[in-house]
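Below you will find the structure I want to go over with you.
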Amino acid sequence: MTVRVGIVGASGFVGGELLRILLNHPHVDVRVATSREFKGEYVFRVHPHLRGRTMLKFVEPSIDIISRECDYVFLAVPHGQSVNLVPKLLEVGIKVLDLSADYRLKDPEAYVKWYGWEKPHPYPDILKKAVYGLPEIHRDDIRNAQLVAVPGCMATAGILSLLPLVKYGIIELSRIVIDVKIGSSGAGAHAPRLDLHSYRTYVVRPYEVVEHRHIAEIEQELSYVANRPVQVAFTPHAVDIVRGILATSHSWAIKPISEPELWKIFRAVYGNEPFIRIAKDKSGLHRYPDVKYVIGSNYCDVGFEIDKRTGRIVTFAAIDNLMKGAAGQAVQCFNIMLKIDEKTALDITPLFPV
Amino acid sequence: MTVRVGIVGASGFVGGELLRILLNHPHVDVRVATSREFKGEYVFRVHPHLRGRTMLKFVEPSIDIISRECDYVFLAVPHGQSVNLVPKLLEVGIKVLDLSADYRLKDPEAYVKWYGWEKPHPYPDILKKAVYGLPEIHRDDIRNAQLVAVPGCMATAGILSLLPLVKYGIIELSRIVIDVKIGSSGAGAHAPRLDLHSYRTYVVRPYEVVEHRHIAEIEQELSYVANRPVQVAFTPHAVDIVRGILATSHSWAIKPISEPELWKIFRAVYGNEPFIRIAKDKSGLHRYPDVKYVIGSNYCDVGFEIDKRTGRIVTFAAIDNLMKGAAGQAVQCFNIMLKIDEKTALDITPLFPV
Amino acid sequence: MTVRVGIVGASGFVGGELLRILLNHPHVDVRVATSREFKGEYVFRVHPHLRGRTMLKFVEPSIDIISRECDYVFLAVPHGQSVNLVPKLLEVGIKVLDLSADYRLKDPEAYVKWYGWEKPHPYPDILKKAVYGLPEIHRDDIRNAQLVAVPGCMATAGILSLLPLVKYGIIELSRIVIDVKIGSSGAGAHAPRLDLHSYRTYVVRPYEVVEHRHIAEIEQELSYVANRPVQVAFTPHAVDIVRGILATSHSWAIKPISEPELWKIFRAVYGNEPFIRIAKDKSGLHRYPDVKYVIGSNYCDVGFEIDKRTGRIVTFAAIDNLMKGAAGQAVQCFNIMLKIDEKTALDITPLFPV
Amino acid sequence: MTVRVGIVGASGFVGGELLRILLNHPHVDVRVATSREFKGEYVFRVHPHLRGRTMLKFVEPSIDIISRECDYVFLAVPHGQSVNLVPKLLEVGIKVLDLSADYRLKDPEAYVKWYGWEKPHPYPDILKKAVYGLPEIHRDDIRNAQLVAVPGCMATAGILSLLPLVKYGIIELSRIVIDVKIGSSGAGAHAPRLDLHSYRTYVVRPYEVVEHRHIAEIEQELSYVANRPVQVAFTPHAVDIVRGILATSHSWAIKPISEPELWKIFRAVYGNEPFIRIAKDKSGLHRYPDVKYVIGSNYCDVGFEIDKRTGRIVTFAAIDNLMKGAAGQAVQCFNIMLKIDEKTALDITPLFPV
């Protein structure tokens, strides 16, 4: 089986990562890679790691070309650009994996509130059919989806750090802190002045400290899992790495819980997940998740500890934001849609040390 | 006025930083810099930044030499080494600024609990007389102290991020999260394998996630300020910088508070502090504290934001761990003891960008 | 076909990289991974990236176990430890890939001169049979080797940056400068104080500026290629990255040469090499080799430019020191010995951006 | 004595560094800081390290304001912008320190060749009167200059690494390699895509490998010193630091020279220089110059080694590009012009470790 694939917005970091994965995918033929800025240029001239691995050239985005050449399309475009593109692609029978935020939130009004749109989402019906592409929650729905809304990078880490606790109802749902540390590659290849190396190096820089947009999807998904409203206090910090997110979640147990019980819950939720590793050791050099240990891979390393003094549970999720936080997760969903081994082209050992 | 000063443990990073400051101090004559490992060697051969700035040589530590040569001594030695040194120094009338943890905790039993000592602190009377060297809380006591216990680096950031909220009683005292990000220089010049560059680069690595020793001093000091028990849930993370600490504190307002009210409280507590800068801007490039903006200086930049959705208050404190977190704070206390301008030799502009 | 493989010295960075590659090798069964320090411990407790990918445990090194369990052995041990191990392994019919320097130099006296051994190499006969494992020069000999001496990391980059120029006799052989920039992972997991993060970050630090040991193998190999003595002026610099080496070689053309002629020479030498990419573009974002573009892969990116004003030719070679500079190159040689596709388990796209 | 000073182009990194120094200068009153982009904004909103240290606001650049308010002006503007500004400032009697390249080269035609100007420099007379602001060569001329052309950052390091060798005529003048490693802050605050953190981190990236503009001033100045034409083969490399330049110069001795003789030459040339430190140790941790040891200071650390095997002399110069490479050097010249202690406001200990 060979599936014809297109990547819209292929010159950015997520586009490059999709290419890194999909050019090695045994069932994929990458037919189209679009870039307005670099149309006509060899892909490897923009993505230097791909030199010698592809002679593909960027083309200008066009529904015509895509509908002629592709069965599946990955949209790696800025927020606000997918919203009108998706209906046209669905109309011609193409399956879509949208890496923007445009189809993640179920409530059309939420786009006014969190994304500053002037009006509610114009395609509420498509919104309803879109599947939030987190396999650990929505695997069955992804399998039959026409449109997968691939989760935000920090949302992925935030949700996965808390999923077992919320699913098993063991924490207070109104007092959850998610403190996130994130690298620079999330900002994309067209970033503002503060993302210049001189400004962005040596930082521990809080930003959007009470109003980050990923809150919306985290609360949507955790509330879905809890079947009750979940509220999260979320603060991201830019740190001096290129790839990687660590979500540190602080919550309070409703009643005292033991470490073996917590182990049992984590194993129940994540034991069969191909990309979740529970990283919690008593011996050895590395006792908790760390972004350094997942770089280049689709793994999400999770861990936890009980703070008996205060009743707090602290949980961690470490991901590579371009992989499990974007391109890797998209391909994981794509594999599920293809009904092939979820790990196809994603069974990549992290690079260590990096 | 010239004060004769000694630095015990002068070959480490804190020792180097004390030398950087004190060699430029107009009222100080650095007479003794001890190092067992490097005795007889020129100081600049270990601290390359001091080349051309001093011809001092390291000597082996000795009470005799110190008591003959010094009026004041800074102890920059590992925890557990000051405890028996301090009484001998006090006995011969030397004033001591101890940068280890050995005289920070008021409760002699706390050393068993937090530092794993086999017995309670052997000098409870000296413990009682020691002053916790955080000028923002204990300035008056520091002025007349014989012994100042200079605070821990993360404790400094943690306390200063919360001091106004606790002092004015506006937050719940049992639900406080302090999420700390810290550079590598805190680990000292004799660090274990995981502090090697290859291991310590590209990390966001949680460690001692529920049991870090600095919790003890943070709770001691905030409880003192609140006049009630304060409990903090504290988790530090190693990040890929050499200097710098950002404490992000998440707490919940007892009742809704407005931004102007919070501004008023921060101004009331910190308005006259020479080394606290309130970093909170609506415009400009830099809206919150960031470690990048305090490097090399004794400043603590603090900031805050109200999370109306969740009732949370998020506060920040950014310091250079070797300055306001160690050597700078020690010299600030020293200046207070000398009854000279607190900023003497510390009026250093941060280095930016670094 | 399945080959049984052992890795001696498997807890270091090169050992970890061998495991990363060989655990994914379709014809390899890793049977033994030795570590004195971590014997009995799960491999993933030391190499956190391998969590979930192997349940192998470290064992103490032993000729007995290796001879019973392995057909091929990779020696990733410090210099001076292979010298006596290799004869014992060869004796029991095991094929050896030695990543130390102990069998790289053909002249037994050279070990006295460059490595400070008290006596000449004790096994001159084995030295003679050992093959210097740089496929770009010795592919045919590697194919039938019992013992491959895998080249030094900086030697690999240095040689490959100059090979076409030396092979085609177009430069002066007594005026060659190789200016090398290298990351920290070359120093290994047991590194001295100056390799601590605080000391090793933010450096551009020259070291062993006229006497580095890799000079010996570079001159040996380039002289072999030139069939005349070649002398190199070699200076390495530590820079603030974990992986990666860039060799910048400055040489002088014997007579003026044009860019197309140089292209022709590079293509002739490297056109069929599976892991050499000629990185030289007129357009696009990336015009020369850069360590950033080869990280995690076995590629060596080479490039060149003619300095018409001065008659200089400047050439570049960028590698990942743990891959083409160590583990990757070893596996490339191993594949050649197995007479399988050289790219087996090594066809890894670089990770970008990192 | 108080001198009224203006800074044109004060919102960039060099502007910020001039402010860091000049706001602490006992004889300076900073009256004007211009920025088109940030006019009306507080300086500390753009330069976060200056929070609490100045309430100055940016103003739009204007000859009127400057001529009314300033005695001296520092021009920290892009190349090509000073050329027409300088004559106007000189006309109204203002002394100018120009940090751009526009008045560095003596030959008006050189601007066509090296800077791509369409016509030769329009003010050859002013060019003749401009003094190249490297005190180690032109101190006497700087003292009485109306216009100082502050040297380029890499030119400063390149020249200072070679000055003793060239001055004493001990090396071949046609076979000199200068291999430079440089941080990101040289690129300024308005840098292109490749200077984004994600692209500029983890690099060892050669650029302008045979045609960099600083070659022109290096050859001009070294030829002036040698009184004969000097030709340099110059290649810069971007490395993953923000501040700092290391120039590694490779040259060949005309006849064998001993280490004591070389020491004597270096001492003769640099022994009385307030900002040159000869860093060459047999013992201790740090044996050669390293950018890490000069950060934040105006020092240039120089060092050397003789490569007896090849007849090469390798010399090093390490500077902070924003200090001795720009703002610090400008203030050093300014102090010379004022006939005050050259170290005024520049007697800053490097920050270590950083």
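Lettered A, B, C and D in written order, each chain numbered from 1.
Here is the rule we go by: a contact is a pair of C-beta atoms (placed from the backbone, for glycine too) under 8 Å apart; a residue touches a chain by one contact, two chains touch by 3 or more.
Note that this is a predicted model, so its numbers are computed, not measured.
K.L.:
What chains touch subunit A and also subunit B?
P.N.:
Neighbours common to subunit A and subunit B are C, D.
K.L.:
Look at all chain centres (mean of CA atoms) and spot the one farthest from the centre of subunit A.
P.N.:
Ranked by distance of C-alpha centres from subunit A, the top chain is D.
K.L.:
Check A-D against B-D and say which one is joined by more contacting C-beta pairs.
P.N.:
By number of C-beta pairs in contact, B-D is the larger.
K.L.:
If you average the Cα atoms of subunit C and of subunit D to get two centres, how far apart are those centres in Å?
P.N.:
From the centre of subunit C to the centre of subunit D is 38 Å.
K.L.:
Taking the mean of the C-alpha atoms as each chain's centre, how many Å separate subunit B from subunit D?
P.N.:
36
K.L.:
Roughly how far is subunit A from subunit D, going centre to centre by Cα mean, in whole Å?
P.N.:
45
K.L.:
Could you list which residues of subunit B touch at least two other chains?
P.N.:
In subunit B, 13, 185, 193, 198-199, 201-202, 242, 285, 290, 292, 295, 353-354 touch at least two other chains.
K.L.:
Please output the residues of subunit B touching subunit C within their complex, sorted ascending.
P.N.:
Residues 13, 183-185, 187, 189-191, 193, 195-202, 242.
K.L.:
Note which residues of subunit A are touching subunit B in the complex, please.
P.N.:
Result: residues 174-175, 177, 179, 181, 193-194, 198-199, 201-207, 209-210, 231-233, 235, 237, 239-241, 244, 246, 248, 250, 252, 285, 287-292, 295, 303, 305-310, 312, 314, 316, 318, 353-354 of subunit A touch subunit B.
K.L.:
Under the stated contact criterion, what part of subunit C meets subunit A in this complex?
P.N.:
13, 16, 20, 23-24, 41-42, 44-53, 185, 242-243, 277, 279, 281, 283-286, 290, 292-297, 299, 301, 349-354
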